[in-house]
């Protein structure tokens, strides 16, 4: 019986690995769909490499940084050593009733790479490919696991009773803060903010972006569902329901907000609304009722539409809305744990707030240091000519759609 | 042991949720691939919103309408109350050996939204977006759950021994009848039926349509596999085999029919053939042998090719072949339960026939009432200019492929 | 307890079926993305039909050829009879602790079709559709199951202690050898090798190709994970880790090789690198440590980049790099079992080598006979005009992107 | 011979084609262009309102014998008109020589 | 100076390019057009047989000095011919002035 | 009236549009073409190094009254120049008649 349950749990966790994996395809599709065709190869290249680099560095040291073991409980930093030495009994139920050591590693490794991908969307169409890869290496390899350790690795935030179920803060805002800093340091795309106001720069392939969002939602079944760390029917099924309902009302919230504010049926806003709902519910997916999830989703969806438009007015150029979706809704979702559901209460709200602030400080600082150093040394941004003619031609010597006749934007 | 089996069953059902979810991406891709690029945003918008609306209304009242509980056994209508109050023990094996209350809800909710999506393809490229959303609201929110209750909810069709395993009739023809009524009320797309005969209107992105069909097949593993309502190895593995073999021979049937009749290697016909096989086997996937499944698939594939061409000659303009696939093969598949497999027999055939007729009557009537009311009030169809210039520009103020140079059709 | 474990195992195997199924979409996307838009319909058509034909023939006789039963242990050939008669107890744990008879059939059937798909990419853009379908019928229906029987069916290679966990040789090189023979018999695409040297022929849709590779990686979780033939947590989780890490380092290996050799950031090379890593680890995914998997992946990734360029210099025109990925890395991966991991040793290396050679001989011979016969009778290659104007117009009478303005290549 | 170039709304293409066939102008070439003209089109994308003066148009290029000039121009004007700003323009310019590639022959009879 | 416009089959483009290079016409522009011409093409889509007179063609636009006119036209006719209906047309028209943007210079020597 | 056709780099399009607006040329049509010219571009695809002389360009077609010719040409030359090979060309040719489809009127005042 023990063994059977262990096996089921492990099967569910392995499925979740696959689902989180597919989110990388989701991000690649969404980001390339919402940007211009002349930079498509660049985005695809980045997204494949982030995953490859993320998995590799996480195997080398990231996992040991994030889960250094019980000796570091309540700490700020820990490290178990390089590589993935199999602990004693690491493949049986003595390791953990929910999963084997290898399953745990791979699930966490797939998560790790998402943080850098979030940044990728925000800096699209103007960052140098090498600079971005180096940034990713540090951010996914070091910063993400260190922050992760604070809570999921048993560090001081765990001791503080911070609740962030699947990472509204630990994943999404960790990516979101870096995206914000990167967008500030990089500046907007040429032609976005002109003397006569903001100029829209259209995403070149909306079906691709839509595919991306559906795949992200699909992947979120594993992102949130797997974060239960077992196949426990009660919790996992609740989590899937809260996740899906928040995504659905995220779309509805974005629909109404965007219709009321802009009189527009803009599908990209609905897509961002879905993601906003998903990010918003992620911190509290296990402690909300379906109704509460629907409220959180609807608010996140609306918030994200407003945030996209506000961030644009601040002249922060975020081509795919990554800051609005992952940072703004990540913060909201984390606070929502103190406002709705089983843990609601001022005390919890204050804990949530403190954790957000601490992580904000750390992420902004470290991403600033990494990005600023890159900027001063190898440079962050391509030349104006490269940007105008497209990163694909200049950095990759190829185009994404050679058989199609294109309009240049 | 009990708990382990319950957990496994629930894992399988949760996987099926994910698979049925991905069918919505499949439909979105298929429908936009088989229509013109000027209406792509519109189709994507519709498909995302149907899912969002479908899940939300099903949470509010649809689920309670469809599964009102044992008190309504054998009835025509029942309602358990608004929202999703968790029944006592709803998350343990006392609720059901196969799944928790939340798992059940979400699986059924994902199903519900598919019925409206079927209509979406048939009315594409000319229906007003608001009118369609309102129609969906009623059809998914009310009509689908009421019909569903008749059989799956324990209503009078269940009492009659009607057999519709996963919904050839309850899902596919429910959508298909409404599609038929909608196509009649809307009329054909401008330029389709001209004085010199039928003019083909080409789907703009065949790889996208192909992606859609593969994803639908993939999703069908959950649609049919999950309809077993447990992970029972014997039944589920049989169902997956009958499902996949019917899809395969659906393609083969369509291939030969289309080659013999039109001397053409038209991939869109093959794609419809796959779906036809899937729809055809859905009613009897649990009572057919692999051989019988292959026969049903082959017939469905051929039937669908003939139906597409016949429906076109009737000047019913169905851009994606939804009526042929979901209605014609849905009806055939339901009758096939009386002709092949464990339940074959004249008695069963008569029951199948009666159920089809009753549901046909109800769906045609209700969808006519809803659609006709919309037609007389807010209108069903966009203006000719909007249709010619494209719904994307007029209803959404954006285009799906702004970087590509397009031919206008 | 027994029953619970049986049920879980069977669930995992059914999931693997779904994952291997989705690889067919991956191949279809990759192949059409890496070829020209004028042949897209043709490739999609081929890939749907291969799957349909593959599943059907495998049901008719392939499965019985490949798994003829214990009576044929150590043999060269066996046959159990036509169709899929359900063995006694075939749906319970008495059949096998890991899966039911139907699950086994469907898992193996999904595998079978991949071998022909590998060929499909190599011969793209110039083979006659009918000729290819007939070739597939024989290769998937007869050759693949016969070879498969030698090892997985308990034949003489199994007796020899050959180790090919999930088919670096049994699937990938079986496809790869036929691809090689077909490429030689067909000759290069017009315009590829000219008097002034090699001319690149660009893939028309890189996002589609990228989607394909992500889906293939996703599918490989089932291809390798399902090849454990149970949900055993220890082995399956190890296999998923070795598989994913090899894919990741495959990308990294391709990145560095392609950068050092060509100074290029060519995303298609990275994509091939991912696949190379996956193919390379497939033979030994269950006997490698994570570190060894990373080494095998990195070597495969680099190897594949070099092979692509070398094969091109040999004037073997392989549009998608199928020979480099599936044959070269398939052979390397099979040999790697003798060089790394639990089974490493000269003895094993020699066994691996012998098995590769025997299979090479058989596959080259049989595919030559089939292809040469077709060439002499119905012809293998379309006319020059058909090739230049595109197979879609000539063989299918339609185009993949009718709304887009295209460049002709 | 004259070259008649017409810039029309894409949505009027079928009507113009019909009208040209009626005056027996059966051969022409066309492609899609963007136009900067009088018509402006306003919308909102991701919360950013925008106006574009960039309009999608279809460019017809028709080479005719001199005696066909009048009726071709008239056929286009009548069939392409909607009356709102943005209907497009017609330009007439001289053509010195015409060859039919298939036969190599030249002159007005090849049209 | 003359503008030579040629409408050719796409499949003949490489041959024409080659032929033009051989007569030392190295500079030109081209784009894809649809043509209404004599050639018809029949097929079936989703069970509907159709004939299209809408043919994909490539449009070459070559501005040359007067003394290049003859050989350019000949090169195109020879290389673009297949002999079946639909080979296309060549139009020659006058050009009054030419400028090279890079230098601002004008006249025939810029070609 | 004159037709001014300019082949420019796509990346210079916004600058040229601006410059044209400044000299009050507000109406024109444009499309994308490929060009065979002096500029060559080298790269590597799947291990195969290649050089292409096929450059993506934008083709502007502007019909103006005679007195606008000079300033239009100047505006384009100034705004489209980068100084490196491949900046493109401007061709000027005669236009005999112009019609505005919306109103049917003809002549220079319609421009």
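Should a chain be cited, it is by its letter among A, B, C, D, E and F, assigned in written order, with residues numbered from 1 in that chain.
FYI, contacts are C-beta pairs under 8 Å (C-beta built on N, C-alpha and C of every residue); 3 or more make two chains touch, one makes a residue touch a chain.
All values reported here derive from a predicted model rather than from experimental measurement.
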Reaching subunit E from subunit C through chains that touch each other, fewest steps: 1
Where subunit A and subunit C overlap in contact partners, by chain label: B, F
Interface with more contacting C-beta pairs, comparing D-F to C-F: D-F
Interchain centroid distance [CA atoms averaged], subunit B/subunit D, Å: 44
Distance between the centres, which are taken as Cα means, of subunit D and subunit A, whole angstrom: 50
Separation of subunit D from subunit E, taking each centre as the mean of its C-alpha atoms, in whole Å: 19
Junction residues of subunit E - those touching two or more other chains: 31-32, 34, 43-45, 93-94
Residues of subunit C whose C-beta touches two or more other chains: 1, 4, 8, 11, 15, 202, 205, 211, 264, 266, 268, 397-398, 401, 404-408
Full enumeration of touching chain pairs: A-B, A-C, A-D, A-F, B-C, B-D, B-E, C-E, C-F, D-E, D-F, E-F
Of all residues in subunit F, those that touch subunit E in their complex: 2, 6-8, 31-38, 57, 59, 73, 76-77, 80-94
Subunit E-touching residues of subunit D, taken from the complex the two chains share: 3, 17, 26-31, 61, 63, 93-102, 104, 110
Residue ranges of subunit E touching subunit B (in the complex, touch as defined): 34, 43-50
Contact set on subunit A toward subunit B in their complex: 1, 4-5, 8-9, 11-12, 15, 19, 36-38, 202-207, 210-211, 213-215, 217-218, 221, 225, 231-234, 236-238, 240-241, 244-245, 247-252, 255, 264-268, 270-271, 274, 290-291, 294, 401, 404-409
Interfacial residue positions of subunit C with respect to subunit F in the complex: 198-200, 202, 258, 261-264, 266, 268-269, 305, 308-309, 312, 321, 407
